[in-house]
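After this come two complexes, each holding subunit A, first together with subunit B and then together with subunit C.
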Partner chain A sequence: MNIYEKNLAVLRKTRPALAERLGQVVVPPHFQVVQARNGQPILKIGEVSLHSPYDPTAEGQRWAWAQEPPSAGEPLVIFGLGLGYHWQYFLDTADSLFVVEPSLEVARLALEQVDLTPLLERQGLRVGRDFYDLPRPARLLVHQPTLRQQRGAYRRLERWLADPSQPGPATADAVVGRPLKILVISPLYGGSYPIAQYCTRAFKRLGHQAEMLDHGPFFPAYKALEQISRTPQHTLGLKQGLLRLISEAILVKAAEYKPDLVWALAQAPLDCQLIKALQDQGSRVAYWFVEDFRVMTYWRELAPAVDAFLVIQEEPFYQALEKAGVEKYAFLPLATDPEIFRLLELSPAEKRRFGSALAFVGAGYLNRRQVFQGLTDFDLKIWGSDWDLKSPLGPYIQCQGARISAEDSVKIFNASRINLNLHSSPFHQGINPEGDYLNPRVFDLAACGAFQLVDWRGQLPRFFKPGEEIVTFTTVEELRQQIDYYLAHPEEREAIARRGRERVRRQHTYEHRLAQALQLIEELNPGAWPTRQPPATTIGQLLNRLPDDSSLKSYLARWDPTETVSLEGLATRIAQGQGKLSEPEGIILFLNEFRQGLQRGQL
Partner chain B sequence: MKEIMIINLMRLGDLVQTTPLLRAVRREHPTARITLVVQDVFQEVAELMPGYDRLVVLDFLRLAPLVDQEGQNLLAAYDYLATITATLKNPRSDLVINLTPNRLGAILTRLVAGPEVRGLTMTADRQFRSQPAWMAYMLCAAKHYRFNPFNIVDQFTRGGGFRPQGEGVALKPPATVLDQVDRHLAALGRDPSTWLIGLQPGASAVLRQWPPESFVTLARLLLETHSCHFLLLGTEKERHLGEFIQARLPVGVTTSLMGQTRIADLAAYLARLQLLITNDTGTMHVACGVGTPVLGLFLATARVHDTGPTGRGHLALQPRLDCYPCQNTGVCTSLRCHQALDPALVAHLAQHRLQGQPLTQIDDNPFWENVDVFVSDYDDQGYQVYYPLICRPLDPAYFWNLVMRLGWRWLLDGSPEPLRLVVQQGMEFIRRYFQPPINRLRALQREQALQELIQLAQQGLKRTGQILPLGVDADRHLARIKTLGERLAQIDTAIVRLGHIFPEIASLVEMFQLAQTYLEGSDLIPLTRQTRELYGQLYRQGKIFLKILSLCDCQWNDCDLRRDHPLPSSASWLTGAETNFAAPNSF
Partner chain C sequence: MTAECILVMQMARLGDLIQTMPLLCRLRAIYPTARLNVLTDRIGEPLLTGHPAVDEVIPVDLAQLSQLLRQDSWGAYQQIAGLVQSLQQQRYDLVLNINFSSLTRLLAYLLQVPRVLGYQPTADGRGLIRSPWLAYIYALVHARRFNRINLVDVFRHLAPAAEFPELAPVLFGGQDQPPGYTSTLRLIALQLGSRHHRRRWPVAFYATLSQRLIQAYDLRLLLLGIKDECQLGENLLRALPVAYRERVINLQGRTSLAELSDWLAQAQLLVTGDTGTMHLAAYLGVPVLALFMGPALCFETGPYGNGHYVLQAEPDCHPCAEARASCDHAGCRQMIRPEMAAAVIDHLLGGEALCLDSAAWPGVQLYRSESDALGVNYRPQLARPWTFVNLVGQAYRRAGQQLLGIDGPGLPPNSWGYLPSGMRREMLFRKLEKFQQVLRKGNSQTAGEPELQEALVPLAAFQQELRRQAQLPGYFLPNLNADGDQYGACVTDFLWSSLEGWLSQAKGLET
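Now for the complex of A and B:
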């Protein structure tokens, strides 16, 4: 019997449901067990190690000693299981010890690597949200590397333990599924502008009421201000004036729309004052920072102000966020909208116009200009703006470097045999060897069933299987080899593209991401969402509950008893009805009006 | 009439402002039983209001959780409302006056209505209607308050079909509560000469709230000249404002009552104050109700003419800025109006009032260039009026406000007085309180806007006149009727656009639009006739306002502009507009 089987056997006796769940976990490749310098196993999630890569035992011991021991009889709860180096010292000293691990994958790997039986026998392991039976109050200790990965889960646990009056998981959980009112704030321009549109669509598809406050129309005015003055300070002042106006517009919109959530995309015209005002109006404000934190540093001001700061990078961004005093952050990678980015049948004319052996769609960043100059012997087409038409790449640039619409992008992706995807970097001459996050193009290309060659990124293995679902390169030389190979092997190209598309549709759409985002926001702000009305009942059910002499009963009796009905539905029918208004009808209209007034916050 | 019901489901201040109407109803129908219907949250206020016989309270706090859920709870909500409706219909009211300007009040009015209804209601065919015309004006003024010249108490009274009598709001705190309050105040150990001043730093919206820092400065300035004790008033939610002020003033000069007073307590404390300094709040109206002098601060969207303190001799300040009153929904990042009301000026006026000095007009001074100060009073017809304390050249906004007052009074009251005489009386008021305007009064743009409005109304009359004969054989002339209908739609669009461009005439346009929603039936000829009447009404209204402008201009230019007489105790303008109150106009 190996360690895993031994652990599982004990767990089956003590917490059989958890044993079954952990037995079914498939651990993704970016969860890895590697060896520390001293030969002990340690756990890595992506590039982040949960333990010291030198001596995890010594590190765990130091951590344990640094903690204030629990008083006699006081339960001890430790957030973060890891591979046990940090909490094992408390097995002997704590009267009752519980370890809460938010990740099923980590728990599964720990079962495989460490003898957990002393903990399991005392029923001390809790995984995910299975902590609502823990004794309260309790001393809570935190394993920092786990905290950085799972801030929301920690906040939920912390709140639960700190407030014995808090009700059980029925109210604390079951977050998504209630319809929310969401106001999406778009930027004026840029790469995150279309993402705001995709988010709005995805929120709607998830069953929420979503509306986008489109700031695109303000962009021409913003640009026009640049023509007014040659003095940069004046231009800046004018632009700030416009942004102030837009801020007021956002506040007005929110005051009228009364969203539960304001969902802002990177570069959206928000500042701390506006965020505070939105929060004062009763909305949660989440900011999806789909930027490289090293390039765009405005996060320092915004991140501490919002209710959830969602990022596409992990370490060392997490450390920087914590240094800046940000507590409510979480990882939320990019995705795609499969209704926009899709397989497309193209006409022969479209294939001629948009097709090539090699294509790139995107802006002409310096590193791209350099790399693509090494590909000018291929049938190459470059689409997008900010390219130098007078450079050696000039003949390859399409449409005089005009911006490309999403619809045309889809045609290009579908028509090209190989799509290049080189992440932009202002810090590197060519390919960024330390790139981490994935741009939306990775997901968009895959969703179109297009074959892509993408520069290697640290996060890539957690989203795609390299070589099977996507093909990567790290140097121009390797890129050229891949191009030669895959141009010569169309079947392999198509198979990889097909698998990539399936993976994206299964796991990486905006619907997947935003459902996760709502969960994260609620975790970071337990109790964030309002209680929504439950589903409507049928007329028959209502009739059964009414006494025979009820005026409402005789009124409802003429309707189909199987029909689902709500107060709002009834009121709408009455308002549109014919004939003299009866008293039951008037009462229903009154009640509906009253409820709407409550929801508006103004009777 | 035996049974009269007044429905007011609004908030504290609005409820208090119903008292002049209650008194007017009682005066005209001394033997009728008067029922007042209010929401539970403000039951305590209603209990302090004199003038009714029966109070029916809608239990909104009970209803709220019931309607929040479907199913069984909803049935309980239905049963509750059915019971309350039965109570209100037993006996059926001869007259129901609904002052609640929303659908909730309208539906309830429909449910309990008797033979006569005034105010917004729902008709049997599920349409919303308001009558008499004053009530329609009230709905329109709520949307276009910028140039509304009538205080809400007068709108309530006239909307209810009664005549203002120069009476402010009235509340009567119970004697036992007054005794308790007296004991508490005595326990504070104040010197009898110490001024007892109330401060109400909160307001319904943050933008309408004078900064607490300004209240602190004001209090310090008052303390420099006289011994004062400040009662801090407000709700539990506003307590932080009181704490802010209290922490910055010397120990012992403040007593915070924030979050600790029921309405009866509040009324009793207010009754013992020498002055209340307040934002535009329900507390202000309660103070007016118990006869305490008020110094009101009106910011952002709050306007003195709409909801200023009622009665005589109250002071009300509002900013004199190009951005005031707020044109948006109350969102602002500059808050210039908060800075405009200088604490030193407020302190100066407060001292003036506390020392009992006469409220005679004062000359303009750069010190208060960004502020308008008004004194409350009644005109000879008993309507609430606010005259300026600072004598300045008549500015276009105030002038237009007066024009609106003259015009709407003449139109809505159906005055038999010649328009020339009414304007003459209005101009006397102007000459009494204002210096000559810097520019000519008849702003060309507004005159043009009115002329354009009249032209559009004429076009409407013409087109409807063309449709009527065709309607006799509509099938044959379908294409022509359709074309004319499209032209009417274009005219309506142009009218609405005009109202947006010139907010001064927005109330005319709004009244026209409201009346359009009241058109009944779908048969072509009756519908066209009704539409034609509306264009005719708009035409007449436009003409009246144009005439007023013209008369004002003539009279202003003819008269002696010297201003050398002192301020009278009562502003007597708009006299003699005897109206036919028995048969109020109806839409």
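Now for the complex of A and C:
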């Protein structure tokens, strides 16, 4: 019997439901067990190691030594399972020990690697949100690497343990179950502008009420201000004036629309003051920082102010955020909108116009200019802006370097045999060997069923199976070899593209991401959302519950008992009616007003 | 009007409840033998329990209701139905609803009492009717610069004028000496926080002022506030020299409402923004130096009673709306300098004469509260020339007083400033005359004169609100439909004649 089976056998006896769940976990490839220098196994998630890569035992010992031990009889809860190096010392000393691990994958790998039976026998392993039966109050110790991966889960646990008055999981665990009102704030221009539109659509498809505050129309004005003065300071002042006006407009919009959530995309015209004002008006503010934190440093100001700062990079960004005192951050990678980026039947004319053996759509960053100069012997078309028409790449640049609409991009993606995707980098010549995050193009191309060659990125394996769903390169030579090979093997190309498309449609659409985002925001701010309505009650059920002398009972008796009934629904019906309000009607309106007042934050 | 059983509904914040006290005293004076009950949020209960004007406090636990509503809306229904039933059993013959809120409006409707004053439900319970006085206040809020009526007086005049002298505001609470207090301590209280950050004086200024006070007087500073404001207190302490920190007693987040009252009552002075603590101090008879800026306007929510001081920052844009994101004049928080506050305190504590050279107080006015026939008004201490806004604002106040049928003088015009000279005088006269013309003839050729247009806004809003209400199924004011336009005409006349009186007086001065 190997370790895994031994663990599972004990778990089946002590917590069968958990055993069942862990047995079904498929661990994604970016969760890896590797060897530390001293030969012991350690766990890596992406590039982040949960234990010391030199001597995990010594590190675990030091950690345990440094913790304040629980007083006699006090239960001990440790956040973060890892591979057990840190908490094993408490098995003997703590009266009752619980280890809470937020990730199913980590728990599964630990089950495969470490003998957990002493913990499992005392029912001490809790996975995910299965901690609502833990004794309170308890001493809580934190495994820092797990904390950085799972800030939100930690906050939830911490809050639960700290406040014994907090009601049961039914309310504490309120996942978004009620349609939210969401105001999406677009930037004035740039790569995140279309993402704002995709987000708005995705929120709506998820059943929420979403509206986008479109700042695109302000961009011409913003540009026009550049023509006014030659003094940079003056221009800056004018632009700031416009941005102030836009802030004001956002606040007015929010005051009228009263969103539960303000969802801002990178580069959106938000500053700390405005964020504060929006929060004061009762909205949660989330910011999706779809930028490279090394290039764009404005996160330092915004991240501490918002209720959730969602990022597309992990370490060392997490450490930088922690250092800046930011607590409410979480990982939220990019995705695609499969209704925009889709398979398309093209006419022969369109195929001629948009098609080529090799295509690239995007702006002419320095590293792209360099790499693509090595591909000029192929049938190459370059689409997009910021290219130098007078450079050796000039003949390959389409439409005089005009910007390409999303609709045309879809046609190009569909028409080209190979689509290149080279992540931009202002720091590196050629291909960035340390690139981590994925750009939207990776997902958009895949969603179109287009075959892409993409430069290797650290995060890639957690989204796609390299070689099966996507093909990568790390040098120009390798790129040329791949081009030669895949131009010659159309069936392989199509098979890979098809698998890539299936993968994004299954896991990487904006709907998937934003559903997750709402959970993350709630985790980072427990109780973030106006409480969801209790499950629908039918009039019949309600009549049974009400005492006989209730005025509501006689009021409802004339209606169909199978109809479902909610306070909001009744209130709307009453408000639309005419004539004198009866007493039950008045009370229902009163309660509904009260409920709305609570949501607004003022009665 | 007779009444045997009266219910006052005040469900808003603590500050509002304190601002309701003079209304309760007035009601008690008018109806000395009636039963007077107050419906309020449970948080405010300690302020009213044992109050000599009040027979019974009926607390509603809004926090508990909101919790219940989340978990079980039908349970919440039963609870409210129970409340309504128990209120109905009291057989109130008069209800005063002083909250602009659908909640109290619906409750008032559900009680089915013969008379509701204040915000009244329509006959079908679906709409809201403001009494002409409330419609007038509602109209003034459309151009707040012109508003000169204190919220306490708004509430007070919801009860008919008393034939008997009103009970003097009852000093209530604060009778117990707080633990740790010895009577040899001389205390000045500071309330650093404020509900809206734009109303808040910078902590750095409080720190400078504190240092100055500790140097000059043998006293202790008392930091008041709720738990959320602790950071402000810590920032202030950090800014003080170490030796001075012992002279500060930090009570932020450590007092119940009763304890806060006890401490506050021992203070010789409270320095504060526009806060609930300020209203509590004024109510307890503790002198107040209030620092008003941003959206806060002392005429509306200044400390009630005689002899309080207010430093009001008065940039051209004041008072601003609370919901503005950014502000070009964010400087109004910096306009009141710590030296100014120190000078007022030296006057109050040390008996120093106030330097009232208005050039030394740029952009800031110092007001002192005093009573007139309508209630409390604020008299500027720094001599500045009359402005159009000033005069029209006072005219609106006067018209409000006449609307209520109250005789008696307001503050005389020379107490609000002096007649400017030269061009400024001409322009002022021209503008006032134009305003009068519009009032008289009803034509509105005011294009290009934003101040004039703004001055007409409340009048138009008043008429419009009365007309809107005339369409509603009336309930308690059956004659309102006929009277709507008359009220508008009356106010127009009142405004016109006030201005006429002052103008002729001013022109008399001129010649």
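The rule is simple: the second predicted complex is superposed on the first by the 529 of 603 C-alpha atoms of A that agree within 3 Å, B and C clash if a C-alpha of one lies under 4 Å from a C-alpha of the other, contacts with A are read in each partner's own complex, and residues count from 1 in each chain.
The criterion applied here is as follows: contacts are C-beta pairs under 8 Å (C-beta built on N, C-alpha and C of every residue); 3 or more make two chains touch, one makes a residue touch a chain.
Note that this is a predicted model, so its numbers are computed, not measured.
When the shared chain is aligned, subunit B comes close enough to touch A:256, but subunit C does not. When the two structures are aligned on the shared chain, A:544 is found in touch with neither subunit B nor subunit C.
Of the two partner chains placed by the overlay, neither subunit B nor subunit C lies in contact with A:554.
By the touch criterion defined above, A:598 reaches both subunit B and subunit C.
In the superposition on chain A, contact of A:144 is made with neither subunit B nor subunit C.
When both complexes are overlaid on chain A, the residue A:276 reaches subunit C alone and has no touch with subunit B.
Comparing which residues of subunit A touch subunit B with which touch subunit C, the overlap comprises 244, 247-248, 251-252, 255, 273, 277, 280, 531, 534, 537, 542, 545-546, 550-552, 566-567, 575, 579-581, 583-584, 586-591, 593-595, 597-598, 603. By the touch criterion stated above, subunit A contacts subunit C in their complex at residues 167, 171, 244, 247-248, 250-252, 255, 271, 273-274, 276-277, 280-281, 531, 534, 537, 542, 545-547, 550-552, 566-567, 575, 578-581, 583-591, 593-595, 597-598, 603.
Note for the complex: subunit B touches subunit A at residues 9, 39, 60, 63-64, 67-72, 74-75, 77-79, 81-82, 85, 102-104, 107-108, 110-111, 122-126, 206, 328-333. Subunit C meets subunit A in the complex at residues 11-12, 62, 65-66, 69-74, 76-78, 80-81, 84, 101-103, 106-107, 109-110, 123-126, 196-197, 323-326, 328.
Subunit A contributes residues 244, 247-248, 251-252, 255-256, 273, 277, 280, 531, 533-537, 541-542, 545-546, 550-552, 566-567, 574-575, 577, 579-581, 583-584, 586-595, 597-598, 603 to its touches with subunit B in the complex.
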